[in-house]
Structures are given as structure tokens and as C-alpha cells.
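My questions will all concern the structure given below.
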Amino acid sequence: MNPKIMIILGSSSDIKIAEKAIDVLEKLQVPYSLHIASAHRTHEKVKNLVIQGTNEGIEVFIAIAGLTAHLGGVIASYTHRPVVGVPVKAKLGGIDASFATAQMPYPAPVATVGIDRGDNGAILAGQIIGINDYNVRKNISNLRNSYVEKVDIDDKKIHSKLN
Amino acid sequence: MNPKIMIILGSSSDIKIAEKAIDVLEKLQVPYSLHIASAHRTHEKVKNLVIQGTNEGIEVFIAIAGLTAHLGGVIASYTHRPVVGVPVKAKLGGIDASFATAQMPYPAPVATVGIDRGDNGAILAGQIIGINDYNVRKNISNLRNSYVEKVDIDDKKIHSKLN
Amino acid sequence: MNPKIMIILGSSSDIKIAEKAIDVLEKLQVPYSLHIASAHRTHEKVKNLVIQGTNEGIEVFIAIAGLTAHLGGVIASYTHRPVVGVPVKAKLGGIDASFATAQMPYPAPVATVGIDRGDNGAILAGQIIGINDYNVRKNISNLRNSYVEKVDIDDKKIHSKLN
Amino acid sequence: MNPKIMIILGSSSDIKIAEKAIDVLEKLQVPYSLHIASAHRTHEKVKNLVIQGTNEGIEVFIAIAGLTAHLGGVIASYTHRPVVGVPVKAKLGGIDASFATAQMPYPAPVATVGIDRGDNGAILAGQIIGINDYNVRKNISNLRNSYVEKVDIDDKKIHSKLN
Amino acid sequence: MNPKIMIILGSSSDIKIAEKAIDVLEKLQVPYSLHIASAHRTHEKVKNLVIQGTNEGIEVFIAIAGLTAHLGGVIASYTHRPVVGVPVKAKLGGIDASFATAQMPYPAPVATVGIDRGDNGAILAGQIIGINDYNVRKNISNLRNSYVEKVDIDDKKIHSKLN
Amino acid sequence: MNPKIMIILGSSSDIKIAEKAIDVLEKLQVPYSLHIASAHRTHEKVKNLVIQGTNEGIEVFIAIAGLTAHLGGVIASYTHRPVVGVPVKAKLGGIDASFATAQMPYPAPVATVGIDRGDNGAILAGQIIGINDYNVRKNISNLRNSYVEKVDIDDKKIHSKLN
Amino acid sequence: MNPKIMIILGSSSDIKIAEKAIDVLEKLQVPYSLHIASAHRTHEKVKNLVIQGTNEGIEVFIAIAGLTAHLGGVIASYTHRPVVGVPVKAKLGGIDASFATAQMPYPAPVATVGIDRGDNGAILAGQIIGINDYNVRKNISNLRNSYVEKVDIDDKKIHSKLN
Amino acid sequence: MNPKIMIILGSSSDIKIAEKAIDVLEKLQVPYSLHIASAHRTHEKVKNLVIQGTNEGIEVFIAIAGLTAHLGGVIASYTHRPVVGVPVKAKLGGIDASFATAQMPYPAPVATVGIDRGDNGAILAGQIIGINDYNVRKNISNLRNSYVEKVDIDDKKIHSKLN
């Protein structure tokens, strides 16, 4: 099946954040591809990946990057598809990457999620895909429901501990 | 035509930021609806708007709010649709609203754009709608092209001023 | 005895902060209940807990949450009782949760204490209960007095070490 | 009628924030007193006001102060009553006063509300008084309901403007 | 004479900061060119300007940009010449642009100066050019000396005012 | 010999920072006393220590405290002697304590040094004592000279390692 | 009379902050001198002023500077006298200058006061001079007493307005 | 061969950051010298190193310092050569050093790179040297190319792991 989501990591050091995204996308059964390519150091590679990906049916891009975190913005300059940005904590608690992802000028937004939240980046991408894909929508519902159950179980555990 | 995007403002004081979003959505020719409803003060109204809106075909929600800016998160708890959050500067330069929108826990992301960027919130919503709507995609392209032309004209003006 | 204070945790990962609150409430001999329920992920559960709790005599709610920390605000939207918010450090040193708890709009305050200060959240709740409860007031006095004694003992230890 | 709430301002320059609190307390029909007294510059006056006030039936103190904003903490050291702190923006957007109010050590909490939110400080104090005062509770309900109506009117105005 | 420095502005709204740079470069008698081109919105234009400029003898690039301020980083990805970045205050006091310029990953530095400091960006570029250009070095010395004189005159004025 | 400097710690947990101060004061041969007393929890003790200390010849107070760090300000309200404040890192990297010490209103300054810098607090106190005490001045000079020698030795070590 | 305090401003643009210091020193009747000299741009001048001033009896230096605010640190490197630093708000609300003044390494403290607080810088310098000067001590007491009276008058005005 | 770059560390504790710079300069084959000298504590040494270095052919200075990080600014006051500043994380995540390096006033810029980025400081210095040195330019190209290859290898590894 052709990938609908392309994840690009700015550096191999961000792999743990990517794994959180992959884990969710597997559960949502959304086909994806994964690449490492740096906004500044392998700019042409990013460009080629994004243009080719857009042509071949990628519907959402997920950029995972720390520090100046320009990756999301660079992807956004080569595609009309929505770009999800996951800022990674490398220095300053990730505040640099968070601003560098969210504060994009008009008309080039990057849909920013929380610092190190590869999981939420994947959920957001899944919600976008799910607008026209019943199965993905259902999988998100299941995933949310199982989360609700987990909270209920945690809640019960706490009560039995207290009494 | 049924609205595909619902904009909710947390307060009538955020109307200028909403107008930036509306202006873009008009250009993109995406039908939208607009509401004022507060996450904390008229919680039930938010809930009803979101549940009914989701049932009636809203594909993307845009939440515009300042301060603790919980609106996006509250909307996200009532729908599986993607929620775009526009943090508004009210205090602290908007840093409070920016974090309160972006730092959402798993699995409830809000797609955060820059502070006061109603325009980018609308572009992002348009990009999402545009995945399955050729006209919206084309309108985004036109809008981006006209922006490029504006930059070129600005560039020429500057040169003629210098010489 | 019916609980007068309800503690709600946003996530089981915040349990250590809750234990600090519980430890203080035990000393103050204020009856309390404890729940895990997420503002975004189990919204209805929060709502039901708060409405039912208010009806059954809860006088103060304590919300313990990190990141966007909307829990306090959501509780405040379902009750007229005072809500104490304890921001938890998860990212950014807890500055995100601190602002997301304190910067609430009118007329929906959350009484915010320091980051990770479950103990102070309980003291504050105890002070509120104590306005009309002599025993709780006395227990707070005892607790403060024993603290003063501890400081005096620490002071003496330091002097004996120096000489 | 004896005042139940004592507002203390750190400086006459904070009067506008106090007026927001007074305006709400008048609506809630909670009797209050108002003083200007500085934590550092008229320390004894603060001490006397707080001790005497506590003896004479003050149930909640509201401290309004900017910069190092120690006023709330100083009040808390002389009373067992709950102390509400309103941080005022004087420098740094009020972030200094906000931390200096909220980050209190154990066991001396100050119930911190948003920057410049005299109105929310009064609501919180009213909620505390309202635990044992039906009239105040009813007045808070009325005030919240009138707020909901205002949001509804704003919402309708926006719709009529759009069409 | 061929320009040795190329200034690129991310937006025509940054022109006042550019004028501060131009004013200094005129005094240093370093030939320069000036362009408006956005990192995200006219990416290809930036690329062409930088590659062509590098081939035609540009020795230092100056990027002037606010918000996510990716311009400096994008320029750095197309040239081996040093890139000077001037972060512009648009939101958050310019802290977003400052981090987004300075926090670049290895091996793609941007030589960041102070917020809104077009003048210092030009001085830095002049110092770099001046390593191999006696006239520019001399002009920087003159400019610094005239600054010292200004400080001395200010100093004298203050004394005469005091006495 | 009567102490000329009084160090007050807000909590026994700050003892490591106090030890840095003590170590320097021993080298400067300035007699000092050391106390633990909290601004909020043992307020009267602070007051008595400061008033009595001022009467008995204390010339400089050093306050060591974290979080809201009101200790320095409280000391300043009971004495006309200069008060040195050492903010301690407990949460938020110590930024809360740093602002809560430095941002004091007129006319009640606290002479703030760097976060966790007990050593610099002692040097500053020593410089103040040294204005009228030749021996302390000489000891500061010696201490600074030995520091210069240490830097020179470090410098030489680095060179020998390189070659 | 020979000056005991030397005020150095980093730039003529900081004059308003200096005037606040001068106004206080006049009231304290402490003789002072005033200079404009930049840490980076007229370094030798700073050096000469400080060395000569120290030799001629200056007991406290006051450095008033914004941005990187190195002036206090540079003065501290040429004298053993205590150096008071007044950070000035130029960018970022003065947070840059505040850290650049306070966070000095061992053994070179700068006694930092609040942002733009020329008045408190003068009070602190006066407190230091006052250790051995009864008149200055008395003048500080008078100034503090008149401040207390002003607070009392403000307090009375507010009461008469309320009733 | 005479050194073209002089690295100065503010303290021996910053040696790890210096090693990152040295490692890059070795690869670029740019001759350098290395010194430890503190802006405040061994000011004269810094001055002598910079003046002598400038006379003997140093073309770029690299200052590595934390906290108030004045070293870069002090170097800049003694030379017309470009000064690269590497802020070091010691407290506050390095935000103090970053501002204290970047926010320099006119006309004394310091070319600031990311926090702890000794490597990027060296690349930037190499780019400056490379303007007139073909070999250094070539070495930077090689280093960048090997980086691109590393990213490609990382990319391939990730794919093989996924499949």
C-alpha cells in the first residue's frame, strides 16, 4: 500500500521521538514512510523527498526536529499538504524548537504539537487522514477508548490502594 | 453550502484574530461557520457546537483563544476531527496561550500555529480540506503565488529606491 | 465521613504529587476522595465526578496536572466551589502547566500553588475548610508549629556543627 | 456589616487592579475592607492589619502586588486564613510577580490567580466565602449566568454582522 | 564595483532593520546588494540569489528575519560563505527569532547578533571583509573612533548639566 | 570577635550554598554568624535575628533562599544595613528565586548575586566590609590573586596537553 | 567634598535611570560623580575612571547598562570596591541585562537590583556608605519614614474615596 | 605555522566545549592557539592576548564562556577582528550566556552561535578564514559532504531496521 504519511527526522538522534509516532501509526494502520534528512545539511534531499512524496500521494508530512527546527518550515515550502511539526528537546527544554516550529509566517503554517510528542504528531496526522477514511477514524476511536479504559483501571487501582 | 470549518472564539475580544482567519477562508472559498463560546464559561455551548458540528459535516475546527487557552483542548475532547489552535496574545506576549495550546497530552493533539496567526490557522485548515478538494488546493496555490508576486514587487520597489 | 475535598489527577504519572497532598490531608484529618480523570481524554468522567461531588458536599477540589494542565479549568466550569490547581513539572520545568493553571480568564479562577506542590495544595484546601472547622484550623496550627520546631532544630544542628 | 474579605494593595499604583476586585465584590455583596500597605516598607502595618483582621472575622485576604510581590507571602505568615494573590504586571510582563506569588514553600501557600486579574481574585474569594453563604453562592451564579448571556449576545452580534 | 555583501530581508516589514545595516555599510564603503526573499514563501528565489551571489563574489550574507527566522539557516544551506543573522522582533520580544537564528545544528552556523541590530550585523560583516581589506578596516576604526568621541561629548554634556 | 556578617538560610536544604559562602568568609577572616529561619514559616525569628543583629554590630546580611525567595526582602524590611541575596535553584532553574530577590520595589533593595552563588555573596559582603577594613581588603586581593594564578596554571596545563 | 559614589552609564540613552539614582543620592547627601562610558566601546575610559576613582576614595560604583550589560562586570574587574549593577530595559523587557549583571562568576560579584531601578541602586549604595556614616544612615531612615507616611496618606485617601 | 584563530576559554570548566571546536579546526587544518583567561578575573591577560594576537596575525577570535559570558564582548573591545562567541550552559540552560553574548550594543558585535556549540563556532571561524583560503574552503566542503553521507547512511540504517 502506498504511504499516506511521510515522517522526516532532522537527525538520527531524534529516533526515539519518531518511534513514538511509528507506534501510533501502526495502531492506526496508516501506511507511512520514514526518512532522515536535515533542513540545512541535506536540503536537496528534503526537497526531493517532499516533491516526490507529494506527487506520489503523501497526504500529511510529519517533521521531527530540535534546536532551530527549520525542517517543518522547509517541508512546508515545497508542498501544499499539511505539515505537522514535532519539536524535540535538545537544549533549553525544547523551547527553541517549539517556537521555531510554531511561529511560522503567513502563508506557511506548521501544525505544531507538544515538545517530544511524536505520539500526538501521529494522532493529528491520523485525524487528518481520517476525515476521508472510516477505518482510520475507527482506529483512533478504539485507541482513545482503550486510553479511557486505562485511565479507569488506573483510577480503580488507586482506590484499592487507598482502602 | 454546508460549512466545512467551524471557527470558535473564546471571547469577543479575539475578533480581530478571527477576521484574519475569515479573510483567508473567503479567498479559499471554504464554507465556514463562526461562534463565540468559552471553554470555561459556556462549556456546554462549546460541547453542543462541536458534537453537532461534527455530525453535520465540519471537517476542521479552529479554536482562537488567549491566556490559558483551553478552548482547543476542550474541542478536541468532543470530536475526532483535527483541531487547529490559534493562541492569542493577551498577557506575557502570548507565551501562556501558546504553551496552553501546543503542550497537549496524548492522545489529544491541537495543531498549534503562531501567536495571533488567524491567517495561518485558516491556511492550515484549508490545506487539510484541500487534500480531497481540488478547488481549495488551487485557491491555496493562487494565494501563495500572489504572495510570491507581492514579495517580488516589494523586492523591485526596494531596488528602485536604492538606485 | 463524607469527603470534603476531592483530588483529581490528570494522569497516573502524577501520583507522587498527589501523595504529598494526601499525606497533608491525613494530618489535617480532612476527609477526601481521590480520582484519576483526564480533562481531555475522559472529559465526561471529570464532569460527572465534579457535578456529583458538588452535590454530595465536596467543598474544595484539587486538580493535579502537567503540560497544558486544563484539568483545573475544566473542573471550575462545572462547580461553584473553589478549585485549587497544582501544576506538575513534565516539560519546560513546569512553566507550561503553571501558566495554564494560573492564567484563567474571568470569571473562572483556579487557585494556583507552586509547581509540584501537592503539599501546599492540601494546606490551601485545609485553610479553606478551616474557616468553619475549628479542628482543621487547630491541625494546621499544629502542623505549622511542628514545622517551626523543625526549623529550630535544624538551626541548632547547624550551630553545633559550626562550633 | 463586618468585612469578610480584606484587600491589601502593595502600592497605590496597583489601584486599577484593586478596582476590578472591588467591582466584583460589590456585585457579590460580600463586605470587604481595603488597605494600602507594603510588605517591605510598612511591614508592621501589614502585620497589624492581618492579625487584627483575622481576630475580627476576616475569612479571606486578597494581596495585590507587583515585582517581587512578597505581600501575599507576608500575609500568609500572620494568618491561618486562605490568602489569594493577584500578581500585577509592572516589569517583565508580570512574570516576576506571578512566580513570586505562586512558588511559595511548604506550608505557606498563596492562592495565585492570573496576572492583573483582580476580578478573578474576588471571584475566588467569593467562592470560598460562598461555601457557607447561600446568598454569595447565588450571586456568583447570577454573575456567571449574566456572563453566559453576554457571550450569547456577542455570538449573535457576530452572526448578524457576517450575514 | 561588485557587491561583497548580500543582504536578504525575509519581508518588506523588516526594512527599518535593513536600513540600519545599509547606513553602516555605506559608511564602511563596502559594496552590497539588497533583496527581499522569504525562506518559506519564495524559497527558490533565496536559493538562486545565494548560489549566484556566491559565484559572483559575495563574501558575507546578512539575513534579516523575524518569527521562525529560518532565512539565515536556509542561506547557510546553499553557501560556504559566512552568514550573519539579524533576528527581528515581531512577537515575543524577538526571543523566537533570536533562538531560531542562533541555535543552528552542526555544521551549519549562523553568526547571530542582537535583536533588531541591523547595525551590528553590518559591523560584523565589515569586520569579516576587513580581514583582507585595509580600507574597510580603517573605516571601521574611524567609525569606532567617532563613536568614542560621541560618548565623550555625551559625557561632557552631562557634567555641564549637573554643575 | 563579634560577627560582622549574618547569614540566614531559608531552609536546611540550602546548606550547600551556605557552605560556599562560609568557605569564602573563613578565607577573608570576616567573623560571621549562621542561622536557619524562614521568611514565612518562622517570621518572628527572622525579625528578632535581624533587629538584634543590627543592634549588635552586624554590617551586612546574606539571605540564601529559593522559590519565592522572600527572605532577603523580609530582612531588608527590618534593617538599614545592606542585604545580599543569593537565589537558590529549586524549581525553574532558579529563575523564580532570582526575580523574587532582584526585583524589589523602592526603597528596599536586595543586592542580588547569581543563582546558587554563595561564594559571590560572601565576596560582595567582604567587599562592603573591606571599605573600612584593610585586612579584609588584603584578603580579597590575595584570594583574587590566587585565582589568577589558578587560571594561569590551568592555561599552562592546557598548552602542555596540546603539544 | 570628594565623591564617595561613582555612577557610570553605558550610554546616554540610559540617562533617565541615572536621574532616578541621582535624585536619591541628593536626598541622602552622599557626594557622587557621574560619567558616561561604555564597557566595549570606550573600555580604556572605564578602566581609567575606575582605577583613578578607587584611588581617590570612591567607595561604591554604580553601573547602569542595558542589553549585554557588561559594564558592572568590567568595573568589578578593576576595583575591589563593591559594584552595584542596575540593569536597563532595552530589549526583552530587560531580562537580558538582568541576567548579564547578576550571573557573574566567582570571585567577581555585581550587586544587582531590579530592572530600571536607579533609585534602588542608590539606596543600596547609600546603605553601604551608611555603615560608617551616621548622617547617611539617618537620611535613609528619613527617606524611608517619609515613604511610610506617603503609604499611610495613600491608604487614607483610598478609604475616604470608598466611603 | 602561525595561528589564524585564537580560542579563549573563560574557565577550565568549559574545556569540553573547546574540544569540540579544536576537533573541527584540526579537520579544517586551520592553525589555532588556545588560552584560558577570564574576562573579569584576569582581564589584563585577555587584553594582552587579544592585542598581541591581533598584531601577530590572528584573524578570528573564538570566545567560549558561560553565565554572564562577557568574554566575547571584552575581546571585541580590543580588536577589530571578528569575534565568535560560544555561550556555555552553566545555569538556566545557557539562556543567560546566550543573551549575554548576542545582545551586544553597537558597534561591538559578537557572532553568536548555539549554546555549547564549540563545533559550530569553529565552522563559522573556518568559513571566515575560508573566504581567502581555498584549502580551508575545500576542507569545509569535505566535512559537510561527509556529514551528508553520514545522514544518508543513518537514513539507510533506519529503513533496513523498519523492513
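Going in written order, the chains are labelled A, B, C, D, E, F, G and H, and every chain counts its residues from 1.
As a working rule, contacts are C-beta pairs under 8 Å (C-beta built on N, C-alpha and C of every residue); 3 or more make two chains touch, one makes a residue touch a chain.
Small disclaimer: the values here were computed from a predicted structure and weren't measured.
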Counting hops between chains that touch, how far apart are chain B and chain H?
2
Report which interface contains more C-beta contacts, comparing F-H against A-B.
A-B
Which of these, A-B, B-C or D-G, gives back the A-C interface, meaning over half of its contact pairs coincide by residue number?
D-G
In whole angstrom, what separates the CA-based centres of chain E and chain G?
34
Please compute the C-alpha centroid of chain E, do the same for chain F, then give the distance between them in whole Å.
42
Provide the C-alpha centroid distance between chain B and chain G, rounded to the nearest whole angstrom.
48
Junction residues of chain F - those touching two or more other chains
11, 38, 41, 67-68, 91-93, 95, 102-105, 107-108, 114-115, 144, 147
In the complex, chain H residues that touch chain G:
10-11, 38-41, 43, 66-70, 73-74, 76-78, 91-92, 95-96, 99-105, 107-108
Residue set of chain F touching chain H in the complex reads 89, 93-95, 114-116, 144, 147-148, 151-152, 154-155, 157-159, 162
Show me the residue ranges of chain G that touch chain E in the complex, using the header's touch definition.
9, 11-12, 15, 22, 34-38, 41-42, 45, 67-68, 91-93
In the complex, the residues of chain H that touch chain E are 24, 59-60, 80-82, 84, 98, 102-115, 117, 119-121, 123-124, 127-128, 130-132, 137, 140-141, 143-144, 147
